[in-house]
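Letters A, B and C mark the chains in the order given here, with residues in each chain numbered from 1 onward.
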Amino acid sequence: MVINGEKLNIGYGDITVVKDMDINIQAGKITSIIGPNGSGKSTVLKALTRLLPYKFGSVYIDGRNLKDYSSKELARNIGVLPQMHSAPPDFQVKELVGYGRMPYQKWYQKNNAEDDRIVDWAMRSTGVWELREKSIHECSGGESQRVWIATVLTQQPEILFLDEPTTYLDIAHQLDMMQLVRKLNKENGIGVVMVLHDLSQALEVSDWIVVIKDGEKYDEGTPENVITPKMMKEVYDVECDIVHIEGREKPLIAYREIS
Amino acid sequence: MLKKIVAFCLVISTVCMLAACGKDDGKDTSKSDAKPTAEAVEKDELKKPVESNENTVTEAVTEAVTEAPEPTDEVSVPEADGKIVLEYPANMKAMGYTEPLVLDKKPEKVVSLSTTPVLCLNRLGVNFIAVPASSVVQWPENMKDVTTLQLAHNTNFDIETVVAMEPDLVILGYTSADTYGKVLTDVDIPVYYVDAGHTVSYDSIKLQTEVLINAFGKDSEAGKEMLKEFSDLEDKLAETAKKLDGKTYMALQSSPPSHYIQTNGGTLGSMADMLGLTNVYTNDAASMAQIDYETAIDLNPDIVLCVGMSPTGEGHKALMEEDFANNPEYWNSIPAIANGDIIYLPVYFISSAGINVIDHINELADIILAHFGE
Amino acid sequence: MDSTKKRKVSALRVGTVWLILTVLLVVLSITAINVGSAGYSIKQILSAVFSSEKSTVKVVVMNLRLPRLILALLIGASLSSSGAILQSVMRNPLADPGTIGVSAGAGTAATTILLLFPQLTGSVPLFAFGGAALACFLIYTMAWKGGVDPTRIILSGVAINSVLGAYNALLQMLHSDSLEGVLAFMNGSLSGRSWTQVHTLMIYAGIGLLLSFLCIKSANTLQLGDEMAKSLGVNVSVTRVLLSAVSAFLAAATVSVAGMIGFVGLVVPHISRILVGSDYKQMLPTSMLMGSVVLLAADTLGRTIVPGMEIPVGIVMSVVGGPFFLYLLRKRGKMIGN
């Protein structure tokens, strides 16, 4: 599956946040969208997933206009985990994950055996199968985030869109999440598009990085090509060095010391 | 939360308006209200002391003399000096209105804010410039140029309208003494108080009429006529009572689907009592209460009298029958209803406008006697 | 109820709650048949009901108490169901059918008919229903801007409720002498209601309650947040409108038969949520059961607590519901839900 966004103008009300954006997502790859606060990264993601209508431009999924997809059809092809999501704390994990099957059902249908099988698979893949009888509030932050990923996974999407999946997690869970993303991509062939704040994670995990600044695409390419001291200075206004360490595949970002 | 506050304020304001309406019913006709009040209870007590005076009053009038046998009676005044003396009847005196109102000359611009004395005064030749608008009575031909005041909602009535008319006498229900009465006396407009409230009884109307005759038309033809109408009625009532002796009734005042049952203190109930009928329902606390369906079914009156807000009996009948049709098994368990011993009355039986109560009681007597085939 | 330690909801717990509610329902129903201002003994009632001959006891029980009982159960279930569904639409556990103008619309229609066209009094229920539907429609139309979101609906509701309330107050002021019928309506009462009303409500409530069950899944999904629901392929605005329509339908049906009864739609779903959790699969049936119990209790109380007088069920609910509502407000921070 390929997603092409051409000349996108996206905004809220009268304000345009993203201007003239061209963006291409390839199936099977992990793409990260990075940029400073307010640059429009989440806006782009929302436009691509139709959570937000765009004003000008077009989005094509496999050559077919995004607007031609019905909500359910779209939900069967792409899965989105928005930044804001909530569930009543007393919902059971497996109940919640089960909602991911909704795009495949008529409004009066319940989950059948096939659906249950997929739900189980999703829970195992994200490592929340042991938690299935628990309620949401009994899960830790990291665990519940994985539950949400399981929910989206149950939609069996070709591409998974994650809007800042690690922002509210502690370091252990952040790494955990990245591990999961990598696994889903490698083992299940699911494409991933993430909006990330942490550049190190973006560097380590991504196959492709898109840098957004002030609503426009600044650069895109492989992590090594894109994450450079020059980019860091111009986009983030931050001084750094890119350091290569023996035995590590990807380099590290060394920010200027705090004096 | 804002909405709840707004709604709460709306409810409070509506409740206040309704409460005020219920309290200040003075200027309106003797209408009965849904809520039984203390005033209605007072009316019951009024009737008793009056009866003892009845004979002496009649005597005083037929003698056509100024002196009355007992000091509590009304005193007629020599009209030679042109002064008009408005005494208060016994029931009003009992409430503290002991000093008569004295006017230097016959008033030419009279405003009445109560419907009760209007018809009587009109027949005595008193000139009105304004009277209340009434849904219950049609003011006679000779009053067609008189201004009618919208008093339906008392607390919002603008008393300035009355002040601006520069009346030389204002007749006011005593329940408004502290409000409108005060405004008027402050600008030196003479105010005469009459009985008012939810039910103005027959006896009260009669006493009031006698006082007014004495003030404005002693010895006049009109005065004599009116007094005769009272005595004719009372004769007829004595006859009727013999014929209807022992029969029982239930008085229902309804705005379907809500029904209120009257005791003999309610307007309709008191009329029925005067005809010699006995009410099956008694209640010491109020003259009218919401019907208790479960106990009502055991009352078993000989006849049911129904009154409502419809201008005609047929109109009320239509509404009531429609409501009865919602629960026929229940209503038909009251034998009087099942047997058709039920009479539907128009709205003027809820309230009367003064002296025409005589006509209404006459009418009621005729209807009921006809029903029983007498 | 321990609000700080949120317990997991198990099937056993739900089953227990339902059992208790059902038992309460049966007990209350029997009580309601047996008590009343005409103090009949149980023996009297039983012998009268089962004999074929007519008697006042039989009439009282079969034509006054029994239909009233059924009506109370239906209304209780309908109102609480209506409130429950609306709370998912508004994503706010403090929403009740009054918010979307059902009460104001019905009240306005009823007041207009009773005061301006009294010859049509018999058709008040029909007009009340129409008024409720119209007010609801108005509110949603005003709130629509590419879709509906809870804030806009509530604001629109405030506006419409204000206007209708003012109109009602004005009308009542101008016709203050004929208010008995209006007051009886506004206070919500089951007095004198009989089989006619039961038959009417059975149809409306039957349809409405059935529709409610079909709303369970959508109601649950809306609880996940607008974006999540959208990403699952749900058309959020359309779902909101459809759920609101079911809620309005249920509430309007009860208003047209019994006048305006508040707090049931607000308080009952809330308590259900505490007992069996936020999943509508359990919460909705629980609300229906509990609503029936609560309203039946309120009505029975209202007609027996003061001998010879009937306190309208709407007033009993307000008296009890008001303080309870305040109590809920105070505990809101610790409540399950948004």
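Heads up, the rule we're going with is that a residue touches a chain if its C-beta (ideal position, glycine included) is under 8 Å from a C-beta of that chain, and two chains touch if they have at least 3 such contacts.
Not measured: the values here are computed from a predicted model.
Peer 1: Graph of touching chains, which shape: line, ring, star, complete, other?
Peer 2: The chain contacts form an open line.
Peer 1: Measuring from the mean of all protein Cα atoms shown, which chain centre lies nearest?
Peer 2: C
Peer 1: I'd like the Å distance between the centres of subunit A and subunit C, where a centre is the mean of that chain's Cα atoms.
Peer 2: Result: the chain centres lie 44 Å from each other.
Peer 1: Express in whole angstrom the distance between the two chain centres, defined as the mean CA positions of subunit A and subunit B.
Peer 2: 82
Peer 1: Hey, what residues on subunit A touch two or more of the other chains?
Peer 2: As it turns out, subunit A has no residue touching two or more other chains.
Peer 1: Would you tell me which residues of subunit B are touching subunit C in their complex?
Peer 2: It is residues 2-3, 6-7, 10, 13-14, 17-18, 21, 28, 31, 34, 135, 152-153, 156, 255-260, 289-295, 297-298, 309-310, 315, 318-319, 322-323, 325-327, 329-330, 333 of subunit B that touch subunit C.
Peer 1: Which residues of subunit C touch subunit B in their complex?
Peer 2: Subunit C residues touching subunit B: 36-38, 54, 56, 59-60, 62-64, 98-99, 114, 118-119, 121-122, 154, 157-158, 161-162, 165-166, 168-169, 172-181, 183-184, 191-197, 308-310.
Peer 1: Across the complex, what residues on subunit A touch subunit C?
Peer 2: 49-51, 70-76, 79-82, 84-92, 95-96, 99-100, 102-103, 107-108, 134-135, 137-138, 152, 155
Peer 1: Help me check something: in the complex, which residues belonging to subunit C touch subunit A?
Peer 2: Per the stated touch rule, the residues are 6, 8-9, 214, 217-218, 220-221, 223-225, 227-228, 230-235, 277-279, 336-338.
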